[in-house]
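We just call them A, B, C and D in the order they show up, numbering each chain from 1.
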Amino acid sequence: MPQQQSAAVFNDLSLTIPPVDLSDRAATALVIIDVQYSDAAAGRGWVKACEAIEPGSMDYYVDRLERTAIPAMRKLLDAFRNAERPIVHLAIGSAYQDLRDCPSRFRDWTRSLERAAGIADLWWTGNPDYAFRDEVAPLEGETVIRKTTQGAFNGSEIQNVLDRIGVKNLVLAGVVTSCCVETTARDAADRGFGCVMVSDACADCDQGMHDAALKNFGLYFGRVAESADDVIQAIAAGSHV
Amino acid sequence: MPQQQSAAVFNDLSLTIPPVDLSDRAATALVIIDVQYSDAAAGRGWVKACEAIEPGSMDYYVDRLERTAIPAMRKLLDAFRNAERPIVHLAIGSAYQDLRDCPSRFRDWTRSLERAAGIADLWWTGNPDYAFRDEVAPLEGETVIRKTTQGAFNGSEIQNVLDRIGVKNLVLAGVVTSCCVETTARDAADRGFGCVMVSDACADCDQGMHDAALKNFGLYFGRVAESADDVIQAIAAGSHV
Amino acid sequence: MPQQQSAAVFNDLSLTIPPVDLSDRAATALVIIDVQYSDAAAGRGWVKACEAIEPGSMDYYVDRLERTAIPAMRKLLDAFRNAERPIVHLAIGSAYQDLRDCPSRFRDWTRSLERAAGIADLWWTGNPDYAFRDEVAPLEGETVIRKTTQGAFNGSEIQNVLDRIGVKNLVLAGVVTSCCVETTARDAADRGFGCVMVSDACADCDQGMHDAALKNFGLYFGRVAESADDVIQAIAAGSHV
Amino acid sequence: MPQQQSAAVFNDLSLTIPPVDLSDRAATALVIIDVQYSDAAAGRGWVKACEAIEPGSMDYYVDRLERTAIPAMRKLLDAFRNAERPIVHLAIGSAYQDLRDCPSRFRDWTRSLERAAGIADLWWTGNPDYAFRDEVAPLEGETVIRKTTQGAFNGSEIQNVLDRIGVKNLVLAGVVTSCCVETTARDAADRGFGCVMVSDACADCDQGMHDAALKNFGLYFGRVAESADDVIQAIAAGSHV
């Protein structure tokens, strides 16, 4: 009887994904994805909506964010800022209260979440919760790209901007691992960018989904670093990830 | 202490993904992804390469393909053909032996697989294994799109062709669930297509990765049907999926 | 001896471009292109730069803008606003003082114009001249898309936004006819939008280039209306353009 | 009274377009556009259709093709082949007899031309006239991209393929100057490629439209070389165009 594939082949196959060379300072960008009050803060926006649907369901996510992911993102930001490497901040949001620039499915999904949670304007840029979390907010001169979709390549100017800046490799972090981060990372890798997902700098609302996303990414698309520290050390050592 | 998120919120949240209306005959296409001898046949291509790396590792995949996924795809093909609905066949492959139209990462990954397996030209269209599996091969008049990437929207003319045909909704099947199928389905949903992934008409090389892909897709992107039969019945009944 | 092709065949061939049906109110958008102080105002921005290079060279453009094109755009705006049809305003500009999101050629071209003219930050959104001309400025609720390129489809979210809004047909006006307007209109027509360029609502810095652009567009890509009045009457009459 | 803008400012402004450096052998591709029997041969396809509409109207085009443009393209092909530089051949055509992958406008336009000319399947790849003219046909190993639109960036895999090959600069030739060549060249320049249009290696059906296209291109988008010889000499001398 057929057995489920063991981990061994994945471990071996993962080795077939070529390492990402981060040594070209100008060609390697840090990308921080969707760390906004609307979807990465206790008691607000999407977290509030999920909690309204099932109390307690976002405890893991909030804890992961505060204790692990945001501190790790800060380390990455500090390292990239000190090295004067490019930094790109992605934010999810519609320029319009009627979400006209979002897919209609996303509009409907948003409206049902809003009804469930008793909130409004979840993804509108006019909502103060559109702002980046203070801990990881862009500094003057850093690149900010708004997206109207979950994967950045499906509804933003990211391809144009990265090409114009001359970026070839991406170090990716943010929320949530298995949705906006993973979709953006897969598409980036599939379009030719060398990509590293940083596990401890990402947060998901479910550990199993986080792990599945990283396993999949490492098998088919790019490299996975366990921690921000690993990336920073690799850069400092001039080695690959 | 934070707990891992329970299934309950996912069940509830999945209900927030709007149903996909398949009643518009001309606007709903069946998309069969990458069911070629190069990556969906025992002893050939990618399967052979993985088996060379770890014997036995692809037993599950081959069994799933032959017993479950290909028969389910055949049911979908028959139903869409009988109803004269649009059918789109995707194939992965490079028009060039040097894979010049593929991402360099994909080239390198392919070369290391080929070396491990002692095979050549894994993804070249000049390799006879580029052909579709006979059981699901296109009929005269069906649409065929070659892609050079894992997600179809990252390296093919799929967006252009679907828009020109007037397709709004996609029923997706093929291989492998958590890679080419999932990436294509996510991007399609994110770009505004109403999407249904059909579980029994997809095959992965690992049950856990199959399940994780469908769980994620149903939570954030589109609808999941358990079986080809469910889709066919919904279409016949004029109901939604 | 071969003769230059006469106008007759062009007239006949132009008739082969299918008429654009503007009767679907929600599916027909007015697009006003780049009517900003940076490139459509006497003594400022691009006009100032060209005048610095050759005094008097922009007299025709400024006269065309003030006497003909802006009044015609106002008529179109009034008509589309009264009918509650979608209106899209395009603006050219970089979000960054270093123009990082523009093509490098465009950066270099801009810097040489700036040097010639003794001006700075010609296309930066931080320059007050980035603003739309008051006469044609967006009202609350109208769609605004920033582009970093001359053709909107080469460096903006226009395809995503038009698709999400459900727009199928475009009525195009703005500056300059043979550059940003023509490039955007060609690409829109080539991507499947039904397109009408409105002659008197466009301005070029050279009558010959204006005429050549419209002749070409009418021959290969879409329809040309002589005037805003013609478009408004066609809409009112429920006829085609 | 406003005067039409003199040529002087255009001459001066054209100098502001940065020169294109062709010295990087692997990064500079020759692009030959649409030189097929379907639209670049006397008595066949599109030429036949225009002649049916107005006899004599294509004399200029055919003469230009045979005496000037095709010989100049041959010189460019020989030079790029000798130097082992990348060569890309574009062809216009639909993979389907019903033109399903073309814009609906293009389908309608094609059908009206076909009716006028009493021909069929003008742009179908199944028509033998889809073939490249023998004089400029691809050799083994050269890149061939099919497009379903006039501008290659609107309906083909050109962006993906050029990016994967590593091409940065394009030397463009083919037919017709003011339509498929100009649209492709404008979009390429607008997306960041350094572009040179080669005047004597392009053919239009009207000298005035040819001249207008090149004047516009040189003013706003890229560089214009008078002849294939000029390009070949610049490459040999290691200078810019």
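Note that a contact is a pair of C-beta atoms (placed from the backbone, for glycine too) under 8 Å apart; a residue touches a chain by one contact, two chains touch by 3 or more.
Small disclaimer: the values here were computed from a predicted structure and weren't measured.
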*Pick the pair with more C-beta contacts: A-D or C-D?*
C-D
*For the two copies subunit A and subunit B, what is the rotation angle that overlays their Cα atoms, in steps of 5 degrees?*
180
*asked:* Can you compute the centre-to-centre distance for subunit C and subunit D, using the mean CA position of each chain? Integer Å is fine.
replied: 24
*Using mean CA coordinates as chain centres, what's the subunit B-subunit D distance in Å?*
36
*asked:* Rounded to a whole Å, what is the gap between the Cα centroids of subunit A and subunit D?
replied: 41
*Any chance you could list the residues of subunit D touching two or more other chains?*
103-104, 149, 154-155, 160, 164, 191-192
*Interface residues, subunit D side, partner subunit B - complex*: 95-96, 100-104, 141, 143-144, 148-149, 154-157, 160-161, 164-165
*Which of the residues in subunit B end up touching subunit A in this complex?*
2-6, 8-10, 12-13, 16-18, 50, 53-54, 56-64, 103-105, 108-109, 112-113, 116, 149-151, 153-155, 178-179, 183, 186-187, 189-192, 194, 205-209, 212-213, 215-216, 220-222
*In the complex formed with subunit A, which residues of subunit D make contact?*
160, 163-164, 191-192
